[in-house]
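Before we start, here is the structure in question, set down as structure tokens.
Lettered A, B, C, D, E and F in written order, each chain numbered from 1.
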């Protein structure tokens, strides 16, 4: 396998790839509790794994993952009051994205992809991209492009049907649920302990957010739906669908 | 009708209401193109109208609306390249929310509601609330609470069925569509010109965001779905459902 | 009457006006107590009313008012300890101005006017303009211009003599006094209750500012001078003088 | 003479004075052109000279002057396009003030005086004080006080009459004029060359600010009024009046 | 081996360790060219490897590494003009450190260690710690402690003598030299290609920094001294000395 | 002697020097305790004195010194808990440097030198320079150059031998020691009281930093080594070596 991690290349090898115009994928994750049955790093391990495979397929590179993300929100991640969840202010996320993109542009990279693994990062990533493009424009660089994606948006209905058998609760409450647990079972089985899965119906929330957090709204597990239906096989399917879908999308988008 | 706008009260009257512990609703909008058939202010007029009615019903107050919001995103608002759309950096939105909430807390207000009318504001509002709560905590204020809501999240399935007759395209592409246009037809008919509605199928987007914006992805109208089915009657229904739902929710939440 | 509020135009109509090169006026106000006899919104209502009339006269447009302003200072606004007064940090004001101006420039607007209704905003507006011009310069835009004005600076000596009959206390202590109350009586009589005017001599202050605020320096009313001499007739005169003076000034300045 | 400059004390001597509760004066100036007849440092030299004398009189201390200030405005300082004028962004001024005050508070100082010599600094100093008080409050320090003053506000009518003989143009256009030049002639005669004074009537401006600056509005000298009437004798009078007035004010204010 | 990476623990296991009062080590690195013979990730891999071993020895935990660092300086890292080097603004580094420390403190962690692998990070890490301590103090947390260390400061003279045989050029120019290359040869031999080592005398610089960078001051390799003397054996020795020294230091410091 | 201080020139004289292309030196200091035997201003007085002399020698100018600096670190300055030490946040230092450099560039200055007298400023100065260069680039200014130096880096081994007689403890602990005290004895003997020197061996520290500061690590004097060997004669030598060395370096660097 070709090395795809920028960090593992010596600079002359990196320069050569940049000259070829390859895209650079940047996994963006978080350190966040994902229930008593799973480690706290799926949001960074999963987009990293996907980025590696996509990079292999489309001759791209992978920049070091951004390991801390924006604050967990109760209705999508259980809430930022949970122990272990370790989050950054929005501005810190935005500036990190901005700075990294500008440096890649300085090297000559023109095609970048932010592969997001933590829902709450989305808006602050988008702002970081906007600020980077603005400053690059001031530097006369107008051909730099950046895609933002969340890997789960590439899972098609057929796969959802296969996995959830009609009980799909929506991505919103998939935190620590079947999706992430299956992927982890396939990719990092040592970081999942299925015996610790708490089986409970998907969390339901009122149609608003309340601050300060009402901890009782979050299931005690910290998960928003049960992972009991998770399996390595499902994980393998999801991974394959995401890698294929993202690769296809990037080929088209950067054409 | 009782005056509900804080700005219209003299300070002693405001002090009296604060002493009674009433909630304060703050409409948060934007100045954003909404197609050739509608004015650019629905995102601020609609949450304001709803806030006024809710405030009447639950004995609350309405703070001046925040009239500019975060940057329009292509897949939910057409994109920030559109003329007329006038947006703030994320940090500016966040700081505005933070500052206003802290001032209300200084007055003695303890129950606040951010009534959002512009999808893209959501994350930056949430960050503003988090920063405000943090600083209030440093000031020893720990009983301040804040609800964030987007009014369309209170529209129930029955109303959706009535209005869309099974063709609901999802809130994501409702920008300048049936929802907002109907509400405007009911509340501000002079700001809508139905003869200018462009009838086109809902916009479809790939499952990622591309920067810089590809203008050709946005329909020429700037709307993401057609408003041709909009009517004042639908608007009246939506308004009533939202006002009722939000009022009920607030009564429960602040109990 | 022609529509002058940008927010009330559909985007194609706005684009057409921008193409014609019309100036855009942006009212900048605050939410601030103005005594027991008057609502807390004069600082935003008055520059808005003036902007509308000037825009009619010079074929301009009016952007949505900025409804919250910088912190009330004791010697010009009673102080930021007063209830109801709801202020932003200086940086928030500056960034809001900067962001809005840059967006207008992106649309193609080249002549802008910040019509200030709240004394304390002045320096932070000026900084926002400077930052906007700097960033626009980085974008290669060098023909953007911006005027900052406070409407009371256009009241001539004759009008002052007519209104104050030789007892003009200076604009510094006109907070909640004859000027603003007269304008409100003319424009929004329902928001003034002359029976609640507290008659006291103009506040006097030592030639320095003291922090934290000494509340006893501010008259209990929150006003710095008495509004008892206010009248709708005076308000009509002031409005006419300001609208005329500002219109003339803008015609000359942008020529 | 007792040493009053903090910088000239060893730390144990400083600690001793702080224990006695003495006030600390902080001159805040700028580096700004003041015409062809005078050096560019009067805004820092003059408040420093005054602070030293006041500190002698009231048993206070003087912190190192802040030598750079906010951007020169055309109608009060000629404009920030002038060569030599070297200014900071508003936020930089505000943060400097905030940081210095917080450090003094950490030492135990509770009475501070910002002695301003540059008109344009005023609002950004006030914001710095507000931010410092806020953070000190979070640290449980609630007895810290701060006075902001501009020395010219202590010149009484009698002195104005003596000096200007009825032709007082207002402080607004006193930039590089009789006031500052007289003080410099008295205190630093080597930094003034009266033969280079340009005699012109006071600058007049329209009642608004225009950006970008119209250089032709500023007299070529960079001064806004003529210094030809300046004299060391006038300077001596002004100095004495200011030192006396400020000393008296501080004794009362901190009582 | 016990799991030491926080990211690999489920939240209940993490909570249990926090309750025991264990210290948390946070590797802080960078993505920076290290010559044609080595990958660009040693600054993050090396402190991570050391942190893991120290954590095993003293019963600590390791937080996810911060993978991007402050701008490479010419005299210690070759300069930030080099391709591949991907750096953050100082403020971004500072805020990241601040945010992560505050979150750990929220969880209950009281002993933290920032294990730095990139010289240029030092001051911005220190500022991040100071800001975190300040805000934690505002939250009433006064028993939180933080150690900052750079691993090479724990290499004793005996080891230096063994490795460099009297030719130690100083840590300043050890960028991509014997130290880092030896550690990488021991820990990640696949990321080093000794055949690509450029043998040149240590870089020499004038006693000042020049901006913009003079690229010709940096050896073409990007290294500041030659790695030709590097060996896995040296790496093993250095690793052992650092792990031992840091472990001992932490036991004492947190006692 | 020619006037070298920018602040002492009238603007036309300054313009003339700028046109000649002369370099501008900017002393950057701090207000920091330096033991019971010395005033708290050496970090600003010493680089100012050196800048003046260098400017005389190489036909340069000296900008007003930046009198407050970054937070004192325990192992190089005793720590920021000491009374009298009055420091700025890192960002404040960085922005001050950035703003001043950009203004000098606006005037036409192209050669600048930051003459640092306070070790802890170094990284924040470098960041300020980087930000200034970035923004100047956006303004199309690409020929602006800036040197950062700390004066002690120009003291050669021969002088060290002469002064320390083989007991040189390293610059790290020279805070308030022989170097600074000797220079002050030569330049400002009235600000030193040798009878107050505390004679103690150089402070020793573990190879890490601990926060919050452990006050007991700092000698009670606040000095990190003893100044008892200091003399005016040594000071004269050091000054001469620094002035010569810096002058030579600048002539070469700007050639």
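Throughout what follows, contacts are C-beta pairs under 8 Å (C-beta built on N, C-alpha and C of every residue); 3 or more make two chains touch, one makes a residue touch a chain.
Just so you know, these numbers come straight off a predicted model, no measurement behind them.
Student: Return the chains shared as contacts by subunit C and subunit D, ordered by label.
Tutor: Joint contacts, listed by label: B, F.
Student: By label order, what chains touch subunit A and subunit C together?
Tutor: Looking at subunit C and subunit A together, the chains touching each of them are B, F.
Student: Sharing over half of the contact pairs with C-D by residue number is what counts; pick that pair out of C-F, E-F or A-C.
Tutor: Of the listed options, the interface copy of C-D is E-F.
Student: Would you kindly state whether over half or under half of the residue numbers at the subunit D/subunit F interface are used by both copies, giving same or different?
Tutor: Same: most residue numbers at the subunit D-subunit F interface appear in both copies.
Student: Determine the centre-to-centre distance between subunit B and subunit C, using the mean Cα coordinates as centres, and give it in whole Å.
Tutor: Measuring from centre to centre gives 26 Å for this pair.
Student: Which whole number of Å gives the spacing of the CA centres of subunit A and subunit D?
Tutor: That pair's centroid distance is 54 Å.
Student: Using mean CA coordinates as chain centres, what's the subunit A-subunit F distance in Å?
Tutor: About 47 Å separates the centre of subunit A from that of subunit F.
Student: Send over the residues of subunit D in touch with two or more other chains.
Tutor: If we look for residues of subunit D contacting two or more partner chains, we find 89, 91, 138.
Student: Once the touch criterion is applied, which pairs of chains come out as touching?
Tutor: Here the touching pairs of chains are A-B, A-C, A-E, A-F, B-C, B-D, B-E, C-D, C-F, D-E, D-F, E-F.
Student: What residues of subunit F sit close enough to touch subunit E in their complex?
Tutor: Going through subunit F, the ones touching subunit E are 70-71, 73, 80, 89-91, 94, 120, 122-124, 126-127, 129-131, 133, 145-149, 153-154, 206-212, 245, 249, 252-253.
Student: Name, in rising order, each residue of subunit B that touches subunit D in their complex.
Tutor: 135, 138-139
Student: Could you list, by residue number, the parts of subunit B that touch subunit C in their complex?
Tutor: Its residues touching subunit C are 5-12, 14-15, 18, 31, 33-41, 44, 63-68, 82-89, 91-92, 95-96, 99-100, 103-104, 107-108, 191, 193, 196, 222.
Student: Give the list of subunit E residues in touch with subunit D in this complex.
Tutor: Residue list for subunit E touching subunit D: 137-138.
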